[in-house]
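So that you can tell them apart, the chains are marked A, B, C and D in the order they are listed, and the count of residues begins at 1 in each.
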């Protein structure tokens, strides 16, 4: 089981490294979307500070959404997905591996980049820390839940738009507690409650979502 | 021993075939004939468990394959139309990854030996993107060189191969049958396999 | 028992007429429109299928397909 | 019990369900009409004026039943989805597909009547109340389900994919509702919220229940009509459909 996980994660990361354009474009998308808001809303620091967590989290959601369609599409097209479905271990294990690899190549870079972008919003230090911790805890859930949408819309025309229509409503709890954590820090309430619920969402997502994704993949492979 | 009974396949609203059955014992090869679109690939995918049959049942060693699940898949090697290789990876990386995915231990030397056997010597570390269609097919076929699993299901293994390569693959299959393995394959050119009993199954009228 | 003492009172709905009748109106509209749409789509499907069956029968020479199918 | 279940499934083949549904539809329409008239009569002629909200509160006789139905239909959809996945019966998938538009319609109605109730009571067409917000998200779930099924040509795959989405959705609804409620109380406190329903006089409760029954009968009737269309569509190459339409 673990060997399969290691193989899948190593393979996907190696592929991601060889096609860095995808990772970099998702990151720049994140940067651009976040930078648009001050231009739209105005440069007052006080207002931006209040908007910061919501804007960063929504941008993180959208950036993750960008890289989801390719999660299974290439493997579906060149036949490697079939081989994964035919390996002795349950398909959900391979899916968990791919979800992990997707997080490492999209969620994690976002999290590391967030403080830098946070500067634009003049966030206090402790808020930035909560933001980073929240993103680190929350983005795995985005990859796990997003994988379900990617599997359901595999091979469909207009899959990308449909994917976001299916997945964004399911992202709302993660958004609420992620952005809420930073709000709680700024207003001094302390973000432990938000972060622990966020962790619960991520663990629940990482544990249950692969089974739904595997089922959806088996349907797409029929 | 692989046994299929009363298999039926429906594609969209068209029924491709129905009442298809056969029995295949150790050391035997089933050659699947039929016009294009007769459902040969669908039947192969059913035997792998990828496509559920509209009716009928498939048994491996007397057990329905749905119940066996992972056990059945551990003894199955499927080679479809697609080469199942990643263009960005090298032949060596592809071979090692696909072996590990199916839970087999394959060290680098054996892998290199396999690649050499299929005539890819010198191209082991070149990204598959730069290989020709025939060479990519050889990367896919390299898996068969050291393949130990009992049941081989091959979809058009000889396509895009030159005559020498066709004989080579026929040799792999022959060796597999001699080891008591089973094979189901679809092909257009009739190819004599060195050993083992060949059964024929024609799909469609 | 009767809450309203005149029809105009009933319409005014204690000053909330716009909102109450706006809600009732939307509900009535949607709950009438949906069945009509479904019924119309079903009958369109039936005629289309009948036309297809007649065409097939015509191909088999059983019946000359009437061009101006209703 | 098992053979009872088995022949029920045998009976639930599209071919034998089509005429059965046809016979049932008029009855459900009749029930919907009767309950509707009684419910509205209670709501608008029997229920007393509310102390704080005057006559405007009568919208709850439409808003609350619609909200209940929007949630209930999604659960029924998920139920048929699960049955379809487990027992591989085609009819259950068709039922889920047939219910979705009606569920979406009720969700939209709940939002519309919620807004029309919020405007006079709280001065704003849209109130970020926890239940209204969850209703909006439920509407997105319905739209997602319908859009996914529309994007897939092969009906069998559409049913199964829709089933997975519905089941994932039904697991997420409580999570979404909980997080929205948390979010709502965090930002606004419970003051501006529809959860504080007016004091439930006996007649008001009866009015809502009867209206809900009417909506339920309506939903069954429309779903049965739509499922008959879906059966014809998917079974158009079969002999029985040919006879059915030849009549």
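The definition used in the following text is that a residue touches a chain if its C-beta (ideal position, glycine included) is under 8 Å from a C-beta of that chain, and two chains touch if they have at least 3 such contacts.
Every value quoted in this text rests on a predicted model; they were computed, and no experiment measured them.
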item	value
Pair joined by the larger number of C-beta contacts - C-D, A-D	C-D
Chain whose average C-alpha position is farthest from chain B's own	C
Distance between chain centroids, defined by C-alpha means - chain B, chain D (Å)	48
Chain centre separation in whole Å, for chain D relative to chain C (CA means)	19
Whole-Å gap separating chain B and chain C, where each centre is the average of the chain's CA atoms	55
Chain A and chain D: spacing of chain centres that average the CA atoms, whole Å	32
Contacts with 2+ other chains: residues of chain A	222
Complex contact set, residues of chain C against chain D	1-4, 10, 13-16, 19-20, 22-24, 26-27, 30-31, 34-35, 38-39, 41-42, 45-46, 49-50, 52-53
Contacting residues of chain D [partner chain A, same complex]	85, 137, 140-141, 143-144, 147-148, 151-152, 156-157, 160-161, 164-165, 167-169, 171-172, 175-176, 178-180, 182-183, 186
Chain A residues touching chain D - in the complex, by the definition given at the top	148, 152-153, 156-159, 162, 165-166, 168-170, 172-173, 176-177, 180, 183, 197, 201, 208, 212, 215-216, 219-220, 222
Footprint of chain A on chain B - complex, ascending	48-52, 70-71, 73-74, 76, 78, 80-89, 93, 97-98, 100-103, 127
Interface residues, chain D side, partner chain C - complex	44-49, 54-56, 58-59, 62-63, 66, 101-102, 105, 108-109, 112-113, 116-117, 119-120, 218, 221-222, 225-226, 228-229, 232-233, 236, 241-242, 245-246
